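Structure in structure tokens, see below.
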Amino acid sequence: MKRVLTGAGALLLLATAACGGTSSGTTSTSYKGNTIKLGAVFSLTGLGGVYGPQSKNAALLAQDDINAKGGVNGATIQLTVVDDGSDKTQAAQQTQTLIQEDGVIALLGPTLSNSAVAAHPVADSLKTPMMGTSNTGLNIVGTCPYPCDYIFRDSLGEQDAIPANIKTYADAKHPKTGVVLYPNDDKFSSDGAQIVNDTAPKYGIKIVKTIQFTKNEADLSPYVTEAVAANPDVIFITSLGGIPAKIMTTARADGWQGQFLGGNGFNTAAVSKQAGQAGLGAQSGSAWYPGINTQSNRDFIAHYKAKYGADPDQLAAQAYTGVMILADAASRANLTFKDVAKDRTSMRDAMLATNLSDTPLGPFKFTSSHDVKQTIYVVAMDGKGGFTLVSTVPL
Amino acid sequence: MGQQLLNAIFLGSIYALFAVGYTLVFGVLDVLNLAHSAVFMLGAVVAYSIVGLHGGPFWLGMLAALTVSAGMGLVIEFVALRPLRRRGAPPLSALIATIGLALIIVALIEQSHAGGWLGWLWQDGANPVRFPPGSVPNPILHVAGLIIPGDDIAIGIVTVALMLILGWIVRATSVGRALRAVAENQRASRLMGIDVDRLFALTLVGSSALAGLAGVLFGLALSDIDPYIGRDQVELRGLAIIVLGGMGSVTGAVVGGYLLAIIEVAVIVAGYTNLRAGVAFAALFLMLVLRPQGLFGSRVQERL
Amino acid sequence: MDFFVQLFTDPASFYSGHELLIAQMGVNSLLAISIFVTLYAGQLTLAQVGFMAIGAYTSVILNIDARLPLAVGAVAGSLLAAVAALIIGLPVLRLRGIFLAIATLGFGEAFRFGVLLNLPITGEGQGLTNTGADIEGGIVPVWISVVILTYLIFCLTRSRTGRAWAAMREDEAAAASQGINVVAMKMAAFLLGALIAGYAGALDAHLSFFVDPTEYATPRAVGVLIFAVVGGTGFVLGPVVGAIFLTALPEILRFAADYRDAVNGLILLLIIIFRPQGLVSRGGLAIIRPRWWPLARS
Amino acid sequence: MLEAEGISRYFGGVKAVDGVDLKIEAGSITGLIGPNGAGKTTFVNILTGYVRPQAGRIRLEGNDITGRSPHEMASLGVARTFQTIRLFRDMTVLENVQAGMHLRRPDDLLAHLLPLPALRGEARRAAAEARELLRRVGLNPEVVGAARASQLSYGDQRRVEIARALALQPKLLVLDEPVAGMNPSEKGRMRDLIARLPDHGVTVLMIEHDMRLVMGVCDHIAVLNFGRRIASGTPAEIGANPEVITAYLGADSERTARPAGTSLGTSSLLKVTDLDVSYGGVQAVAQASFEVGEGELVALIGPNGAGKTTILNTLSGLLRPDRGSIEFAGHAITGAPSHRIVRSGLIHVPEGREVLARQTVRENLELGAFTRRDRHAIRAQVDELLTRFPILRERASLPAGQLSGGEQQILAIARGLMARPRLLLLDEPSLGLAPLMVDQVFRIIDEIRTDGTTVLLVEQNARRALQAADRAYVLESGRVVLSGSGAELLEDPRVRATYLGA
């Protein structure tokens, strides 16, 4: 075991050395003896508690891996992870505290898009780069109600993931009818539903029913019964936490045999695990899947399993990549370690120029709107808490 | 349609199970015990830890859940309620004390991970989990074109059985008589030799055990166990139910549970799925405005 | 504990490091004042958050659709909240104690689920994007309002109206025998509470770029009540102190890391058990009361 | 100035007030008297707007004010005090009195917002007036003004309540038992205070049980019994009216008193020594000592507020005594919890019956045996009692709430018997019952006694109580003032005095 680890460590070293090369090659000054302070705001409890923990684990893993092979130009990364309890206000406050108190030069998070819309403006107004690693909702980057010059994300937006998923399935199975199920008191879910309603018709899927409910319903069967009664080819579920699994279980119990399609809400082990057999085949567009054949992905998976005894998922991969991106930017940003404000701006400029050939997500570049443009992996739940690849939609 | 009726009955059973213990405490102690939902959750968690984490049989999990939640009842009485009663503090403070207790319970569970000091009890933090498939046989019956999962039937039966038993206890046993006596007139009860404090403790034990049981069945039937099932999914509805039924009335809680479930499902069937929750709370509001004593409650008269 | 260290040694950077917290303290203080008014008149209402939502949405909609300034939005919002209070006030104010509380809670949720989530103009579940938001700029008006309202309500509680409220709270029958029109007075308190809550909602919405219905749910409604009860409901400073303390608590408890919420609950429990009358009250007030400050009328 | 005509009010079939007329002359002091449950308080609640009359008219200086709400009544100049003191307990005494000025004072928010001396005048005037009122009711504002109302003695609280009512500058002041629970010296001062009210232009209507006071200060007296006005006239007329005396001391029963059973012969079952009990700032019982012998029927008599009920509540553990000792069957039970005391065989049938209205008669009886475990014996005794009290058998499965007052009283006694009492405490068993019922209740008590159960009886109806009792103790203002055999006390003029004054 130990040997595997060190072996993998060595490989990772090569890998990041390589990508360091491919990034817009400013000869990096030495940071010896310094500490690069990074922060992360994740939802470890509350509704987002389904997603946050994996992000946290992976981010800390990345920190260790990078430090293990000598850090960034000799500087060690110090990542502070805090919990926002899936609460908007807390996310914003935590972000501010990390920036103002702990003096971080860049942040990851927050986990939920609903919290991001509150936290990101804070980072932006304090001129500190903040990168969402799981924010897939609308108005996160690009078209935001505030400048958002300092806001990035390496997570695949629903407006890309959902259409890709629908297209893939439509091309293969030509479904005719669909029903949309979503909690209407949740912004993220409502956004997703809107995307489905806009996209499905394009691929000849008629939305025969849109069923709204609320996050905190004890029992969703009445809705599912309504959905099943319409006997659609597809049931779209755009929502968070335990809801998708609950819907799948009930729908299968009611004997419905059709196809579940969804968004990023599906893409975590916890959901697949909770859905169990009922989830088998439930399909979603993902930014990641274990089979991505890059060196850093293989290492990432190996390390993650070794450290946490569980398979990583998309959120883990995105968080891990997030730290890699920040580290890479730091290595090119000529940090002063004295003038924090200046360092934050240089971090941002360096991030704009990010060009990594080898990350767990594959080659990585930001679009002009600080968004991610990457291959989409359409995956299906394997009924055992994991996912299998259905097809890939290249950029 | 028939399917939806089944759904309503099933949902109603879940509601009733939760609400009965809730209303019992209010009826006897005149305090709204907002830690009830936390105990409900804890029951499910304990059963899961026996069955899911330690591979024990389901009946054992159920037993453990009952024991632990009953114990929580004592904790609520002795930590939160009795000290305030002794101080003659207003019921409002008692209510908030129970909120504090609930916060603690939920926080401890949601922060518990493998290897943590509570790891033996719960390892999934905020993640929802389910009982391992097959931990209870769950045949799916097909009757006259209706699909009826076995556990739904089980829940229905258990609920009805429990309600009958509880009804029998309250009506026929001496404890039950004492309960109703205290609920109606503490002074007179004392004069008849009833140890009121002991009865309060007993009430909390009973109602909490019910909460725990409800939690287990909830987790089983909805394959959803997480730190928030009590707080987020049943607490508010439970409040609506005991108001509909008449605060303090056990019968009321049962009828209210099924009534609310039927109303909600009716709204869904009518196609206004987006209004379900709104209607539920509007019903609560209207009931209080039009008939504060609820369906089965009795009005209290203030005299000069 | 470095929370306090910095607060006293380096207030300037404490401020810049906790702007959002300070803003939230202010907003919560306003909400606490609003519920205080009704509690002072002897009514346990939980409608505050509902009124807050009305204020918030009104001001945001006026801002993005009609480009009206916050001031106008705040006034309109609080007035609309008061109108809502007028409508539900008549039926619910006959109720007492916990029943009134539950009824008003029911109103709040019915409003949120029934109206907010289903009106196109509110953006339904997606909420509204509030381009006019100004986080730093928002703090000053909030705290000015807190100061002014605290003083205003303090004076009001000592004026004729306030004395009537206190009398009703203690004994409605006896109050009536002094010629106090109990129904009218209850209504007045309820309306004033709604006005303040609506106003707080408008200012709060101005602090964030998005408003969506999840922010106006029951937990927050109960939270506001907790501010007041923990602070003490006999004296307007009580709820304000309660709001500031409980809002800051999670930050103060950062050192408790994962057990923050548990400790938070524990502290709440202990306060209630050992000071059922709240932090600020006769005796309790002494802890924080400067000599010149008048005693509570609890 | 005030005329009430044919005022009637029923509560669930019970005629609380039944066609009562009353005329109050301006500047007079009118007394409204009658035994407990006669409907006096209901009548007053109607006059002050707290209860709507179902029939009848109320005119104040000629204008019909029937059915006005309490605050309207107050604004029309009708002020009142309450039977159970209703001060604003957590406010200071001065604040309480100023609350009475609500209607007269302008809104002074501005004065508080801008603390300008100019604007303070009004507040100062009000405070000064409040002090003046306190002096008028015989309190020293410098001493009590800043104290919380709840900290005052019972008597002083009554005074503050009157001061608060006077602050309305009322035309008519309604006093509901102004001296209840006061000691003689307090009563004396209150009497002077009331007597002086007309000089300040206040007309007074007063409900009172203390006949010394009523006879002393009233110009005119109206007597209610069972909701009807049975007499009205000057104190002299009323004092001589046999119907009134009967209403108070109770009618003679068919049987005369039992032979003078000399002081307690048998061994003592209950021994109370130097008992002091107080609550709500009032010392209700002072230095009370008495004994009850095995198998005796002992009566505690005395006017309202003498402390009789307080003693019973203390014996059964509902109240804790300040001082003194209670010994029952050789064991000290001072301050023990009720459920222990009940198990030891001391059973209390409380004033107002307190049957469980929502439960059936049978259930009430079964609950009476709560401390017993012998199921069969219990069932047997329930049947035995149901046959013994046919009224109950017919209604065995009805909720007790639907029984009439008398039936409820019998149920309450029967419930007490279910506990197999060694000592049965009966509190006001004839309270508010029609004469026939009263007879029946006393017959039952007599049977219980002959069955060998020891009984301690508290009773308004002194004559009946004394006829039934072996021995009796007479209480006044929480003190035992007389004791002796029932027969002796029946003849003792001092007993009559404690009730009718004179």
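The letters A, B, C and D name the chains in turn, as written, and every chain counts its residues from 1.
One rule holds in what follows: a contact is a pair of C-beta atoms (placed from the backbone, for glycine too) under 8 Å apart; a residue touches a chain by one contact, two chains touch by 3 or more.
This one's a predicted model, so the numbers in the text were calculated from it and none came from an experiment.
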- Task: Please identify each chain that touches chain A as well as chain B.
- Result: C
- Query: Which chain has its C-alpha centre farthest away from the C-alpha centre of chain B?
  - Reply: D
- Message: Looking at chain pairs C-D and B-C, which one is connected by more C-beta pairs in contact?
- Response: B-C
- Whole-angstrom distance, CA centroid of chain A to CA centroid of chain D, is 75
- Note on the structure: Chain-centre distance (mean CA atoms) for chain C and chain D, in whole Å, is 45
- Note on the structure: Taking each chain's mean CA coordinate, chain B and chain C are separated, in whole Å, by 30
- Here the gap between chain A and chain C, centre to centre from mean Cα coordinates and rounded to Å, is 36
- On chain C, where are the residues touching two or more other chains? 112-113, 117, 173, 258, 261
- Among chain A residues, those touching two or more other chains are 45, 184, 212, 214-215
- When you check chain D against every other chain, which residues touch at least two of them? 50, 82
- Item | Overall pattern in which the protein chains touch one another (line/ring/star/complete/other) | other
- Query: What are all the touching pairs of chains?
  - Reply: A-B, A-C, B-C, B-D, C-D
- Message: With touch defined as at the start, can you tell me which chain A residues reach chain C in the complex?
- Response: 45, 83, 85, 88-90, 92-93, 96-97, 100-101, 114, 117-118, 121-122, 125, 139, 144-146, 183-187, 189-191, 194, 212, 214-215
- Query: Okay, in this complex, where on chain B does chain A touch?
  - Reply: 3-4, 7-8, 10-11, 14-15, 110-111, 113, 124-130, 133, 140, 147, 149, 218, 222-224, 226-229, 232-234, 236-237, 264-265, 268-269, 273-274, 276-277
- Message: With touch defined as at the start, can you tell me which chain C residues reach chain D in the complex?
- Response: 151-152, 155-156, 158-161, 163-164, 166-167, 170-171, 173-182, 297-298
- Item | chain D partner contacts - residues on chain B that touch it in the complex | 174, 177-178, 180-181, 184-185, 187-188, 190-196, 298, 304
- Query: What part of chain C is in contact with chain B in the complex they form?
  - Reply: 44, 91-92, 95, 97-99, 102-103, 105-107, 109-110, 112-115, 117-118, 173, 218, 222, 225-226, 229-230, 258-262, 264-266, 268-269, 272-273, 276-277
